[in-house]
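What follows is a short report on a single structure.
Going by the order they are written in, the chains are A, B, C and D; count residues from 1 in each one.
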Amino acid sequence: MTGISRAHLQIALERLAAAGASAHDELNAQDGKLGDGDLGITVARGWREAADGATELPDDVGMAFLACSKAFQRVSSSSFGTLIATGLMSAAKACKGRSDIPFSESSALLEGAIEAMLKRGKGALGDKTVIDMLEEIRLATAGKADPQEILTATDAAATKALERFRDQPSKLGRARMFGEKSIGLDDPGMLALRRMIDGLTGKMES
Amino acid sequence: MTGISRAHLQIALERLAAAGASAHDELNAQDGKLGDGDLGITVARGWREAADGATELPDDVGMAFLACSKAFQRVSSSSFGTLIATGLMSAAKACKGRSDIPFSESSALLEGAIEAMLKRGKGALGDKTVIDMLEEIRLATAGKADPQEILTATDAAATKALERFRDQPSKLGRARMFGEKSIGLDDPGMLALRRMIDGLTGKMES
Amino acid sequence: MKKILNAPQDYVDEMLDGMCTAHPEFYAQPERRVIARSGGATQGKVGIVTGGGSGHLPIFTGYVGKGLLDAAAIGDVFASPSAEQMAGAMRHANGGAGILRLYGNYGGDVMNFDMAGETVELEDDIESTTVLLADDVVSAPPEEAEKRRGVAGMVYAFKTAGAKAEEMADLANVTRIAQKTADACRSIGMALTPCTVPQAGKPTFTLGEDEMEMGMGIHGEPGIWRDKLKPADAITGEMIERLLADMPLSSGDRVSILVNSLGATPDEELYIMYRHAKMQLEAAGASIVMPLVGRYATSMEMTGATITLCKLDDELEALLKAPADCAFWRV
Amino acid sequence: MKKILNAPQDYVDEMLDGMCTAHPEFYAQPERRVIARSGGATQGKVGIVTGGGSGHLPIFTGYVGKGLLDAAAIGDVFASPSAEQMAGAMRHANGGAGILRLYGNYGGDVMNFDMAGETVELEDDIESTTVLLADDVVSAPPEEAEKRRGVAGMVYAFKTAGAKAEEMADLANVTRIAQKTADACRSIGMALTPCTVPQAGKPTFTLGEDEMEMGMGIHGEPGIWRDKLKPADAITGEMIERLLADMPLSSGDRVSILVNSLGATPDEELYIMYRHAKMQLEAAGASIVMPLVGRYATSMEMTGATITLCKLDDELEALLKAPADCAFWRV
């Protein structure tokens, strides 16, 4: 094995499900500040559903990503869940028919996901959403092939994105309606992704 | 002229309309204690409507009573108004075709009205309603022919009825539902008749 | 008072005006507070007339229409129409075959309708009969069933008697069907929040933040108990039980059921109630025919619901399913 | 929370269960949270599918029926259904002639329905189109009309597109009619009291004892102004004015108008509003065709009303008047 395989995904799903559960309250609270307070539910439920299907995942990494996308389509209909489903669907299409995806393709997979998610959410980069963090990560991981290096770069990029956007207003999603009030607050979707990365890198508090 | 004529009715209607107006608030309040608080409206509106038609009254005392009944049928649909309309209708039938009704017939007219009102209201004597006061008056005026004597007897009978029933429970109408609570309270319908009599005898406060 | 209105004293007349101009194919107002079919009375057909206070749409005026009523006299909110208006309704419903007066058992309404009946008999030579709805089981014990208030069961009687009259049956027969339907109906209500009579300007009753009243009448008349709000299944369960105690059903019986909102209670919650009621009735061996769920007899913006059972035989079932048409109900 | 329910998390499923068992002649639930016509899809007919949050009966599921919709996916109260449920609805509406996705413009619904569309195209080879209702004039200025929320105007689009599909028109034509209707609709709402989402357990907003909010959305989204409650004619007057400012009418124009209760506001008050709206529209030279007054798109027990105008040409008028049949509306 030299890249992303079924086995990697299985481990990742377990970690993401655990991260989702532990961040449940924090994310609901953050979303509740300017939104409907359901983001923790969305993240926890979605990854739990995907992880519950982990033993059934096919070897085809594309089809495995599709199964994860479908898990989100099934249980989480809030924006974040649908966007994650969209990103996973894009990865599914890109990986279809292969059981081993070189880590060096990570950045390219992200690029495809970002494009699909922007289209799905009718948004743009700079709107202060989870996609801005993904874009920061895509840039930071471009050209990298070593999984540990990729994780380290991802972690740093996530921190950078949070800091960069904190003092900007939200231009999309529910928080948009609150305009100026969103300045100074972390975008809940970015925070969710941050917690997911924490889970993957083992930084998760329990 | 030796008895009740069109002219008598015209004067009586003016007095009753004035009495109704002046008792409006008191009767609403009394009815409001255990009922829907509309009795003042009913009494004031009904006699006003009848008095407004006074100049058009026919000589036929029967038809004149009918016109008064119709006035109540037109404007007051609460129980008391309908019962008054019923009593007047009974008098109308009894006087039809005559333009001069001996005062000595007063008690008999009342008897007919009482019978019709009991039938209309599906009540009985002793239920603590306006009809009990009418019955007291019927008894007190029986055999009398002098109008002044009749008025004096009526006035005394009204007082007697109020006192006799005050400490009994209401057995009919809205107040019936309150059972014991109605003990100690004057029946609003009796109080209304008392005020009408006050108007006729000139005792009305203004 | 959180209501959308102009002057409170214009509430009823503006409402009737709006209703008649919105649905001129159904309703006309030939005299003030009298709603009649826009096509006028049907010659040779028994006329069915109802009446009562405003604030209960579709009851009373809304059910004027083919296969239903011919005319309705309507009073102020929660107040009887005048005898004159009732007489007017009877005249406008008169097709020469007699009139059935079909309405709810409330003292004021009864006195006025009786008086109106005498008037049109005297003045217009119109023969008429009366059938009173007295379906609210809470309002008097079975021994005094004739003293009970009339509530949503009226809708069933309008429907069956209306269908019978449309068949050109005679007055005796239309009256028989109405009475048979009235006898077959049992209702019970419960309330969570009051409504406001425009001219009074204040709520008809008060209930605590988390309280309900079981058995409350549609004008806020006192019920059987007042307590903490219970789950939908428990509420429905007790309502059905009390109806069945008054009119037992056994295996093979057919009933129609009306789960009716008093106004503010949404259809969503009526369906939650219906779901439980159906299981309960079927457990008793009865089968449900043509269930009605919605707003058929309201108290403006009151929160709460009523349940009516109407026990059917072949004759009533056929009449219930016969065509009918008004702005609020089409069968 | 003064609602008739069991466990809050069962509110939607018990409601759907009740609705389907009450009206099995109209509704079936072939998979959880997917309501389809009980007869199944009509072969060769374009399927019309809608979806959105619960709590708006008759919207969305109630309008499944002949001459209207083929299926609806329904979410929790005020929450989008999942993409999977939407895909399910599309599959059950599929008669082989393509699917129109016709629903309100809310971000979550749009993302999920787009995803569902891709899924059924990929997996089931179903061709589909989208028409979004964006009729709430208050929710964005005319320059950004495509960002507006979809409210009661949906009912008109269901009706006309439904009638067109029933004529066995092709997908392009059904889509054209839906878009034409969506373009012809303008709505505005006002609210007096909130509703409670069962799982949240608290009111969606608060308003003072004698306050109203003009322009408020059906989930309590902020409006244009909040002030003391005004008379019905003033409220109606401003609502109609704002609609006409967005879609001017001139002499000879025909419109249908929907005066819709958000739930608790009684029909009586809707008719008072209709009365004034009619005078105002006729003063502008327009004539009213097939006015609708009642509860067509609600927010459970919210007090308030919406007004929708739908400008008609001969084609839309004929489709609006074509037969249609569901448990909540029969034309």
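By our rule, contacts are C-beta pairs under 8 Å (C-beta built on N, C-alpha and C of every residue); 3 or more make two chains touch, one makes a residue touch a chain.
This structure is a prediction, so every number in the text was calculated from the model and none was measured.
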- Message: Suppose chain C were gone and every other chain stayed put; which groups of chains would still be connected through touching?
- Response: A, D | B
- Message: My parser should flag the chain pair with the most contacts; which pair should that be?
- Response: C-D
- Mean-CA-position distance for chain D and chain C (Å): 30
- Cα centroid separation between chain A and chain D, in whole Å? 34
- Task: Could you give the separation in Å between the centres of chain A and chain B, each centre being the mean of its C-alpha atoms?
- Result: 84
- At which residue positions does chain A touch at least two other chains? none
- Can the chain contact pattern be summarised as a line, a ring, a star, a complete graph, or none of these (other)? line
- Chain-to-chain touches, reported pairwise for every pair that qualifies: A-D, B-C, C-D
- Note which residues of chain D are touching chain C in the complex, please. 2-7, 11, 14-19, 21-22, 54-55, 57-58, 62, 192-193, 209-210, 229, 231-233, 235, 263-275, 278, 291, 293-295, 298, 300-301, 303, 305, 328, 330
- Which bits of chain D are touching chain A when the two form their complex? 75, 79-85, 87, 107-108, 110-112, 114-116, 118-119, 221-222
- Message: Could you list, by residue number, the parts of chain A that touch chain D in their complex?
- Response: 38, 70, 73-79, 82-83, 85-86, 89, 120-122, 173-174, 177
